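Structures are listed in the sections that come next.
Each of the two complexes below includes chain A, the first together with chain B, the second together with chain C.
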Partner chain A sequence: MSINQLTLNQIKGLALKREFFIYYIFLTVMLLFTITLHDSGFFSLTNFMNIVRQTAPVTIMAIGLTFALAVGHIDLSIGAVVALSALVGAILLQHVGIPLAVVGALSVGLIVGLINGLLIERLQVSSLLITLGTMGVITGVARQITNLESVPIIDQTFTALFGAGELFGVPSLLIWTVVVAAIAYIVLTKLSFGRHLLAVGGSPKAALAMGIKVTRIRLYALVISSLAAALAGLLYAGRLHGARYTLGEADLLTVIAAVAIGGTSLFGGRACIIGAILGSWLMGMINNGLILSGFSTNEQMIARGVILVIAVAIGVKELKNG
Partner chain B sequence: MSSTKKNSKQSILKSANRYFLHVLCSLCFYSFALSAQDSQTIDWSKAANASDIALSSEQIKTIKNKHLTAALAWHGASPWINAVSRGAEDEFKKLGIKVIAQTDAQYDPAKQVADLENISTLEPDLVLSLSIDGISTKLSYQKILAVGARLVLLSNPIPGFKHNQDYVGIVTDDMFGMGEAAAELVAQASNNAGKVGLIFHDANYFITNNRDQAFRKALARYSNIKVISEKGFVKEHETSNIAAAMLLQHPEIDTLYVSWDAAAEGVIETLRSIGRKDIKVITHDLGVNNLLDMAMNGNVYGTISDRPYDIGKTMARIAAGAEIGIQAPEFTLVPFDSVTHENIAPIWQKAFKAPLPKLLDLALKQ
Partner chain C sequence: MVRTALDQVALEVRNIQKSFGGVHALQGVNFTINKGEVVGLLGDNGAGKSTLVRCVSGIHSPDEGEIIVNGQVVNIDSPLDARNVGIETVFQDLAMVPEFNITENLFLNREIKHKNPILRRLGWLDKKAMEKKAKKALNRLNSRIPSFEEQIYRLSGGQRQAVAIARAVNWGADIVIMDEPTAALGVEQSAQVNELINLISSQGVAVLLISHNMQHVVETCDRAVVLYQGRSVADVAVSEVSKEDLVSLITGAKTAA
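Showing the complex of A and B:
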């Protein structure tokens, strides 16, 4: 069908699709800050790089969580995985080289994802409860292994690779975001695994009837979610030149909000990688814009809440209409 | 017609009532706020120094014969709190006092209320504690007092509690001295002519508020040092964004003050990311990451460190002394130290009574 043949209603319907909502809200907020903060350096490459750099770990976590949500699971342990993987990576770096330290840190994600998945599937208990429990265990372990001390990292190759480094002028944190996003996008939209994820999230019974291994798909989704959180832990460790048990603890709600605003359903069956990325950038942009605007901390909290409520309300309204 | 008049009269009366109620509530709230402010007006000149608190060998013997028990009810957990606990435990051990409970409220007043209630069932003789929120935990402290315990507080007073009646004493940092010392470090770092960015703790918290305020006041004495921008934070993780935004708007800033060490870590990360090696950072407390940066001549120029081990030791001594009738002053101040690249190792050992972390030791030897 050519564009000429589209009726006004069809164009309207297309423009109001849930997936596009994040683009409108992102552009609106950006436009709003660009106009109100025209003399504050908001609309500058330096500032946008600041936002991308600051939100890189949250973006990676959001991409990972999208997979868990796609199959209808929630993963509350991702914040704790960030801390533990960063600590394990930082401790290992004092004894072994970068490759082994990275493998060790990512193993935290792999192991936690497997434990989460196996417990949820074998016990048939809600992912909310299981990951709430594992979150507590991981947080306790993270506090225990370092006795609450932070672990510094002095390996400059590591900090360049996962933190403040650049490749041809592009920050390494942006490169990580793009690479992870590209892989996740291909997996979710081009591979049969992605279609299986959405089928399982949409209707597990129908997916089972179609011959999809529902349990295995859900397990993989939780492993991906945890692995992404472990990578986010490495990015934090690289950025901060060290790790501490508090890393990631404030990110969980930001990540969930970013993914939900980005168009992924919290109940499975619909996932949007680009939306998750834009959602986390939107959260970063709101923070950044409100700080630049000179609001007091309390006013920033109020404004952030109002913007989020408006964004979510518009999304939900559209969803009901749709 | 008359009924319409009646209705409008009633509605006017209702509005007047509502208005009166609002005014009354506002007045109550205002007077409460004023009384709260009064309770914060403390005569610091009467505070004692930690070195003045001592026990003779005869007094120690008497305390030992009493076979006392103690509990530590902390607000959270951190290497700093561990050092306070270690100081208290070592002192209690010397005095033959057994520590029967130690709690970590995880910065949650509700958890601290539960912790205090659990401790009161153990009926300890002495309780050392830092109250997260004096108003919500007050009743639980009263329960502890009701079972005969003596209370020594760390830093935060509890509204309505009276010295020598509800608590033995309050041991705290010399917050005003620390704020002034931080201003001195800023002057030193900027050769008395700096452009300062101030990243302060924007929450109602006794220690940080007093420290930040003392810093501002002391900095105002340096005529060639200007505060270019001030931004507040509530949680530590926010400082990275704040520093980036502040420097975007004011790239001329050459010195940054951050309320405490862990909050300064995000600021250092931002400075590294944007390649501003020229900006110097001054903060409070000791943390390995920032000390490592200081040791390697990074952005951290200096920090003001209190002495957590001595805080714990002094609290324990005051509590034990009260058992044999020694009246402690309402406030006891524990001294602090200015830390720069040159004295990291000795100050660490003085503050924590623990060896320097291996990596930090290595960095200092390079």
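Showing the complex of A and C:
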């Protein structure tokens, strides 16, 4: 084999790496919409900024879910946590200041994450079943405490901080996305905690044999996932100037699809933060493109489902080829 | 195999007992290993070899008995405890994360942290230092490793075994336990592992070798400890017994004098 062939093969191998799939898909979809929607202003900075802002809560949830998936867990309760955290934040804002309201909302995430984690480890039941159960409980609680009514937020500072505002012309939702993404990226790739998360997901037996506290790491991962969802709830509340029990309801499918298509393994051991972000923007872009093309919400839902199935199919095929 | 084993006891196991429910897996196991010595642990399936390994490496806690390392009784309640007193184990499944590369597996849960004290507290990794040390560790074993960026699942069985052994000795372990290190390997790769065992024992490391392969034990070990139904029933110099004797000890047909 000549040197040229070798490097060519290497480039091929590199180009076909799973982590890069999301870039191709992202660019392809963007190109597709740019061509088909050339007269609707799809390809414009304003529209892309719009997509990033609208997707911000989903992006944050996707980043959080990446941590749960890294250790081999799934977290189905994140959508319900969004609603409860937003409601708790909105209700608290009527009585106390912003800091306490934010702490209250985030502690919803902390508590749910702890409950999820402890139940999974104590009962030794799959995270799928436990978080399906807690999802039901939290949704019920969210509907109960407000009697299905929405809670408005009039605090201007809060809505500026968490949704509508700007800092030096940069939307606060974009700032939240970038900050959370940067922290998550550093934790997963630069810190020993990130190594341990992936070790627990990749081979729990090996992690245990090397003295890693597997149970504790899994618990942390679920708390991170839940906390991110609680933050997403605050972002929704800020952007929409209020909270309602339906918030986050339709996001679960979107988030799982975004993370899966972004290259994070649904079976643990491989996590990709940048993939999760691009995945969530891809989902946002598809929504946006479908709306501009005149498709209905129902059709968008179908599109999301199809994307999830495709992402999972890619993941499973790769798992088998090992 | 003749070695100049030092006369210092590296590991002593005294009257180890372990039960799971009604099953008495270990009912009194005793043996010692000197520094630089290679001792084979033999026994039929169910004789208690794996349970003993798990007790010494911290996966299980023994119900009774003492583990003595370099003359001191130690308490081993977790894998980390075992590693801290200088016992490293090369598990049969190697305990590697397949998606991690060689360096990441070598330093799993023993990462080198950044020099900056603030970053160090955060657990920030010093990847360059780890790569450097990984190269040193594998060079010490004369292993032929293609690239340190290679993920473990892309390596051959022999290469994986070499990485696992390198991880065990890298930490200045006094005692290395190897559970069936050649069971999954071909002839040439087994020979390489034998070379590695000879090399580390010549560096003063005490090796406890669990094996089914009689040939392998005769070739590499100085002594053999035989387990039968959860008890250590024989402790013999390999050069003084025939293979047939060992087999009859393992099957319980004969007891040591």
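By our rule, the second predicted complex is superposed on the first by the 287 of 322 C-alpha atoms of A that agree within 3 Å, B and C clash if a C-alpha of one lies under 4 Å from a C-alpha of the other, contacts with A are read in each partner's own complex, and residues count from 1 in each chain.
As a convention for this text, contacts are C-beta pairs under 8 Å (C-beta built on N, C-alpha and C of every residue); 3 or more make two chains touch, one makes a residue touch a chain.
Keep in mind that this is a model prediction, so the values were computed, not measured.
Engineer: After the alignment on chain A, I want to confirm one thing: do chain B and chain C clash, or do they fit together?
Structural biologist: fit
Engineer: So in the superposed three-chain picture, is A:79 touching just chain B, just chain C, both, or none of them (first/second/both/neither)?
Structural biologist: A:79 sits against neither chain B nor chain C.
Engineer: Report, please, how wide the angle is at the C-alpha centre of chain A between chain B and chain C, in steps of 10 degrees.
Structural biologist: About 140 degrees, rounded to the nearest 10.
Engineer: Answer with first, second, both or neither: which of chain B and chain C does A:117 touch in the superposed model?
Structural biologist: neither
Engineer: Given the touch rule stated above, what does A:206 touch, chain B (first), chain C (second), both, or neither?
Structural biologist: The second partner, chain C, only.
Engineer: Contacts for A:164 in the overlay, against chain B (first) and chain C (second): which applies, first, second, both or neither?
Structural biologist: In the superposition, A:164 touches chain B alone.
Engineer: First (chain B), second (chain C), both or neither: which does A:198 touch?
Structural biologist: second
Engineer: According to the stated criteria, A:233 is in contact with first (chain B), second (chain C), both, or neither; which is it?
Structural biologist: neither
Engineer: Of the two partners chain B and chain C, indicate the one touching more residues belonging to chain A.
Structural biologist: For chain A, the partner with the higher number of touched residues is B.
Engineer: State whether A:104 touches chain B only (first), chain C only (second), both chains, or neither.
Structural biologist: After superposition on chain A, A:104 lies in contact with neither partner.
Engineer: How far apart, in whole Å, are the nearest Cα atoms of chain B and chain C in the superposition?
Structural biologist: Result, nearest C-alpha distance in the overlay: 37 Å.
Engineer: Given the complex with chain A, which residues does chain B contribute to the contact?
Structural biologist: Contacts found on chain B: 77-79, 82, 202-203, 231-238, 240-242, 244-245, 248-249, 262, 265-266, 268-270, 272-274, 287-289, 292-293, 296, 357-360, 363.
Engineer: Name, in rising order, each residue of chain A that touches chain B in their complex.
Structural biologist: 40-41, 44, 46-47, 50, 53-54, 94, 143, 147-152, 154, 163-164, 171, 239-242, 244, 246, 250, 284, 287-288, 291-292, 296-298, 301
Engineer: Using the touch rule from the top, collect the residues of chain C that touch chain A in their complex.
Structural biologist: Result: residues 57-59, 78-80, 83, 89, 91, 93-100, 104, 108-111, 113, 122-125, 153 of chain C touch chain A.
Engineer: In the complex formed with chain C, which residues of chain A make contact?
Structural biologist: Residue list for chain A touching chain C: 190-193, 195-196, 198-199, 202-203, 205-212, 269-270, 322.
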